[in-house]
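In what comes next, subunit A is part of two complexes: it sits with subunit B in the first one and with subunit C in the second one.
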Partner chain A sequence: MKRAHFIVGVAVAAAVLAVTPFLDRYVAYLVTIVAISSIGALGLNLLTGLCGQISFAQAALMGIGAYTAGNLCNAGLGLFAIPLGGLAAATASVVIGLPALRLRGLYFAIATLAAQFILEYLFKILEPLTHGISGLLIRPPTVLGFAIQDDRAYARLAVALLFLVWSGIGVLRATNLGRSFLVVRENEIVARGMGIDVARTKFWAFLLSGFIAGIAGAMSGIASRLANPEAFSFALSVDYVAMIIVGGQGTLTGPLLGAAFVTLLPEAIQRIGELFNTPSILSALREFAFGMLIILFLIFEPLGLMAVVRKLRLRLTASKPGGKSPAATTEAV
Partner chain B sequence: MALEARGVTIRFGGVVAVNGLDLDVRQGEIVALIGPNGAGKTTFINCVSGAYVPQSGRVTWKGGDILGLTPNALGQRGVSRTFQNVASLHDLTVLDIVRLGRSLGRGRTERRSLGLFTTRDPLAEELTETLLAPLGLADARHRPIQMLSYGHRKAVDLARAIAAEPELLLLDEPVAGLSSREAHELADVIRGVRERHGCTILMVEHKMDVVNRTCDRIVVMAAGSRIFDGSSDEVQVDPEVRRVYLGEP
Partner chain C sequence: MSIIRALKVSVLAGTLFAAGAFAPGSGSTAVAAQDVSVCLWGTITGPDAILNGMSYGARDYFEYLNQFKGGIAGQKVRTLLLDGRYKLDEELKIYRRCVDQEQAVFVSGWSTGAVKALRDQIAQDQIPFMAQSHSSEVLDPVKLPYIFIPGPTYEQQMVIALRALKQQGGKTVAVMHPDNEYGRGPVNVVRQSGLIEKTGLKLADTIEFPFDTQDLTAQMLRLKSRNPDMVYVQASTPQLLVILRDAAKVGLPAKLFVGNMYNISAAIPEQLGKGAEGFRTIQIYADFGADIPAMKEIDAFRTKNEIAKQDVYYMKGWFQGIVMAKAIENAIAKNGGKIPDDIRSFRKAVRTEMTSLRSLDVGGIVPEANYDTHQGTTLARIAEIRDGRYVPVSDWIDAR
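Now for the complex of A and B:
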């Protein structure tokens, strides 16, 4: 990660943290869900965008994080429940990733799909841990005896976690492991021929991606005070795949844009419907509009929102005297 | 003998790509493996580098059997290679590739920079300049690899392999795609690598001026077998080599 990008990240995170105490509760809620979705999207992007392993089990991994953190929160572990939820999901992610040592591409994607449905089923039947269909009620975590139960506090916590995950992945991308991810993504045979231990590289991708998914799930459960099977269904996994496609796979900031887009679009459509007194019509069209936008993205900008941002930046720099050439500005941001 | 192959046979279905090949390379020697297309040169290199396992035969490196070892395990034993066709690896810069190459070797001179989570590596940066400067790529360290020409990508692939500080370097057509001037400069780089690191080099190459400039000995293969083993002066007058290459009776 370039220092300039890091400084921009710090500035944005600091600005959001500074304004959250003054936000309307609804806006704070929106900030929270966008930040949580961004964390989940960054986790999936690490696995799919950087390491090339397509997964449809992101929601189930988040579910493991949510149920683990929920039970630990209820047991009085406070905010420690969040990293522990991450660890539980990381363990599950490594197990789900085992078929990736033999399967590639769509075949592996189908294996993750199976894992998603198996875990969804387990969420329903492991009642002592999950409370079945009705879901697990999660008590607000306490820090030094004070319960965190304000929407603005959740927003601050989610944004702080997002910044940590975002900068952590930025650093990871510049390590030897991050470089190995990219070579494995491009061509496993080439990676193996170069001497990269492909199995070990995938292991790390599943471990780290699962950990991040678990953190997102834990934060989601804590913020909504509920973990139920419906909240971590296959549809959510598809949403996460959409987030990284819309945002720009393999980039550092793209998943954040994709998460904001996919999370806020239904809210925006709902608001517009209310504004024009046509909530029922627009609500019916919401799924249709969402699907159409994804299709349009795939057709007209398959590299996602980050490609749009890059093009705009190129246009701006090219119009300046002495601006950078396109060749110098193609790095993944 | 540093590298020793005995009776190596590799078949693909009914096709015998390498047929009972015996080949020796001494410590610190640069040996060229030449021959017409389909002679089995790259297949043999693939076998030594762990990509293929032969149906029969034995390959040892410094006395230890290396057949069946993965490229990763071979890297830890000081064996590194380049490829005939280099992949266009998106989102990776020249320096990324060289740093990655360093991390995959066993680091004979400097081990501190080899960890999975290492970001910076001063030796890789120095190597990038030393190895790529002759090709005018010294200031291209931050350029994405997919933006380089095929020839320059091959040079970066060579830099990656050398960055691993190998004891045995396997080169598969290292100068293909380069201009004559660049090919000669890269040939000098290869000799320089041997002088600086004392590594043993086995090289598949078609350009005879590069072979003559670089190699101590030439082995000629045809139809999977060795038909000649000697110096560059001898190879030009060998009747069997002339028959295979020029169709002389």
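Now for the complex of A and C:
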């Protein structure tokens, strides 16, 4: 990660954290869900965008994080429940990833799909741990005896976690392991030829991606105070795939843009509907508009929002006297 | 990019991100201190949008008050209906908007899951909340003093059907439900409480099936072998269509089946024709078009406005509108005809008035409303499909 990018990240996170106490609860909740979605999207992006392993089990892994953190919060472990939720999901992710050592591409994607449905089913029947269909009510975590139950506090916590995950992945990309992910994504045979242990690389991708998904799920359960099977269904996994496609696979900041876009678009459409006094009509068109936008992205900008941002930046730079040429400013994916 | 420039860009971006796009109240109408604001959310789009008349009914009642009665206590009611899409995060988001940005004095929400997730929050916010859910898990006047439900719980609806069966001399009952919270939860409560046996009946079988089922022939053959006197179905209309279709395949008549309040749907007689004749269901609210005083108000409203859904669920929503409006009206009256300046005290007063509603005339939609127990009514009757229409075939039965 470039130093300048890191500083931008610190400043954005600091700015958001600084204004959070002044937000009303609704806006604070929006910040929370965008941050949680961004963490989940970064986790999936690590596996799919960086390492090339398509997964449809992101929601189920988040569910494991939520149920684990929920039970641990209820047992009084406070915020320690969040990393422990991540560890539980990381373990499950490695188990799900085992077939990846033999399966590739679409076949592996189908295996993750099966894992999603199996885990969803387990959420429903493992009643002592999950409270079955009705879901697990989660008590607010406590720190030094004080319960964290304010939306602004959740927003701060989620943004802080997002920054840690984002910068962690940024550092990881510059390591040998991070570069190995990219080579495995491009061509496993070439990777082996270069002396990369493909199985070990994939193992780490599953472990880290699962851990991040678990963190997102844990935070999601704590913020909503409920973990139930319907909240971690296949549809959510599809949403996460959409986030990284819209944002830009394999990039560091793209998943954040994708998560914000997918999470806030319905809200934007709702507000536009209210502005023109047609909320019911636009509400019905919301899913349609969402689907259309994703199709348009796939056709016209398959590299996602990050590519749009890059192009805008290039234009701004090129229009200035002495600005850098496009070739000099384009970041490697 | 130099570090200084990076800092400039980042500060600008951060400020825009946090202070601009997410500014409090962005996109919403400014809230005057003296407003009467009611915020509702339903499933305008989503898996159970077939029932969204419930949301339109409540919204239209407040609009009726504005157009025909000058609002409540001379004050127009600002009503906002939002689409929760039956998604937990969406519903949790809307709740916060209703409470904080819209400064609503009464909130009405949709799914059982959302009400459960919000129940501590609702108690903390001290905001009167009308749930669309009939789940017993959100009905607790002591622990959940701000949550109200619009009628008998799902469990009580089942008890009403069991009592009707007992009155007719039946001895055995089978239960069918989908594998989701709405299906499994109430059935588990009834089974574990021993209510079936206490009613003097025997449970012949319990059959769970996938929520999105397309074929239940095998389950119907199993049901046929049990030979129950009644099959109680805790499901929604789409599943019920499959049940009655496949029951007919194996020779089980529709008359054997009794559904809950959400099985009053024109789609059932329309799609199944004679195969639906004799199917019975729990009816809590009068049907749209019934000869009752409330219908005259609805007809008056209809002369100036379009009614999106003309069904029994619209009547339920209209009923909810009546009780919410009455509590608001009483709270204003007790404050000398003025809206309390402080929204918190206004909400508390409305909650107090809600629990004081006794024998409230709701235009015949239900016999009368009592909110001392937070559930409006515990009465329901059995309706049967005859010649393609739902016809009441029993007296009012009290679940208590």
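Just so we're on the same page, the second predicted complex is superposed on the first by the 331 of 333 C-alpha atoms of A that agree within 3 Å, B and C clash if a C-alpha of one lies under 4 Å from a C-alpha of the other, contacts with A are read in each partner's own complex, and residues count from 1 in each chain.
Here is the rule we go by: contacts are C-beta pairs under 8 Å (C-beta built on N, C-alpha and C of every residue); 3 or more make two chains touch, one makes a residue touch a chain.
The model shown is predicted, which means the values in this text are computed figures rather than measured ones.
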item: Subunit B versus subunit C as contact partner of A:L275, first or second or both or neither; value: second
item: First, second, both or neither for A:N228, with subunit B first and subunit C second; value: second
item: Superposition-derived comparison: subunit B or subunit C, residues of subunit A touched; value: C
item: Which of subunit B and subunit C A:R104 touches, first, second, both or neither; value: neither
item: Partner chain in contact with A:V19 - subunit B first, subunit C second, else both or neither; value: second
item: Set of subunit A residues, in rising order, touched by both subunit B and subunit C; value: none
item: Residues of subunit B touching subunit A in the complex; value: 49, 51, 70-72, 74-75, 80-81, 83, 87-93, 96-97, 99-101, 103-105, 114-119, 143-144, 147, 160, 164
item: For the subunit C and subunit A complex, residues of the former touching the latter; value: 1-3, 6-7, 9-11, 13-15, 17-19, 22-28, 44-45, 80-83, 85, 88-90, 92-93, 96-97, 99-101, 113, 116-117, 120-121, 124, 137, 179-181, 183-185, 308
item: In the complex, subunit A residues that touch subunit C; value: 3-5, 7-16, 18-20, 23-27, 29-31, 33, 124, 132-135, 137, 149, 151, 220, 224-226, 228, 230-231, 266-267, 270-271, 274-275, 279-280, 283-284, 286-287
item: Subunit B-touching residues of subunit A, taken from the complex the two chains share; value: 171-172, 174-177, 179-180, 182-183, 186-187, 190, 192-197, 204, 250, 327, 330-332
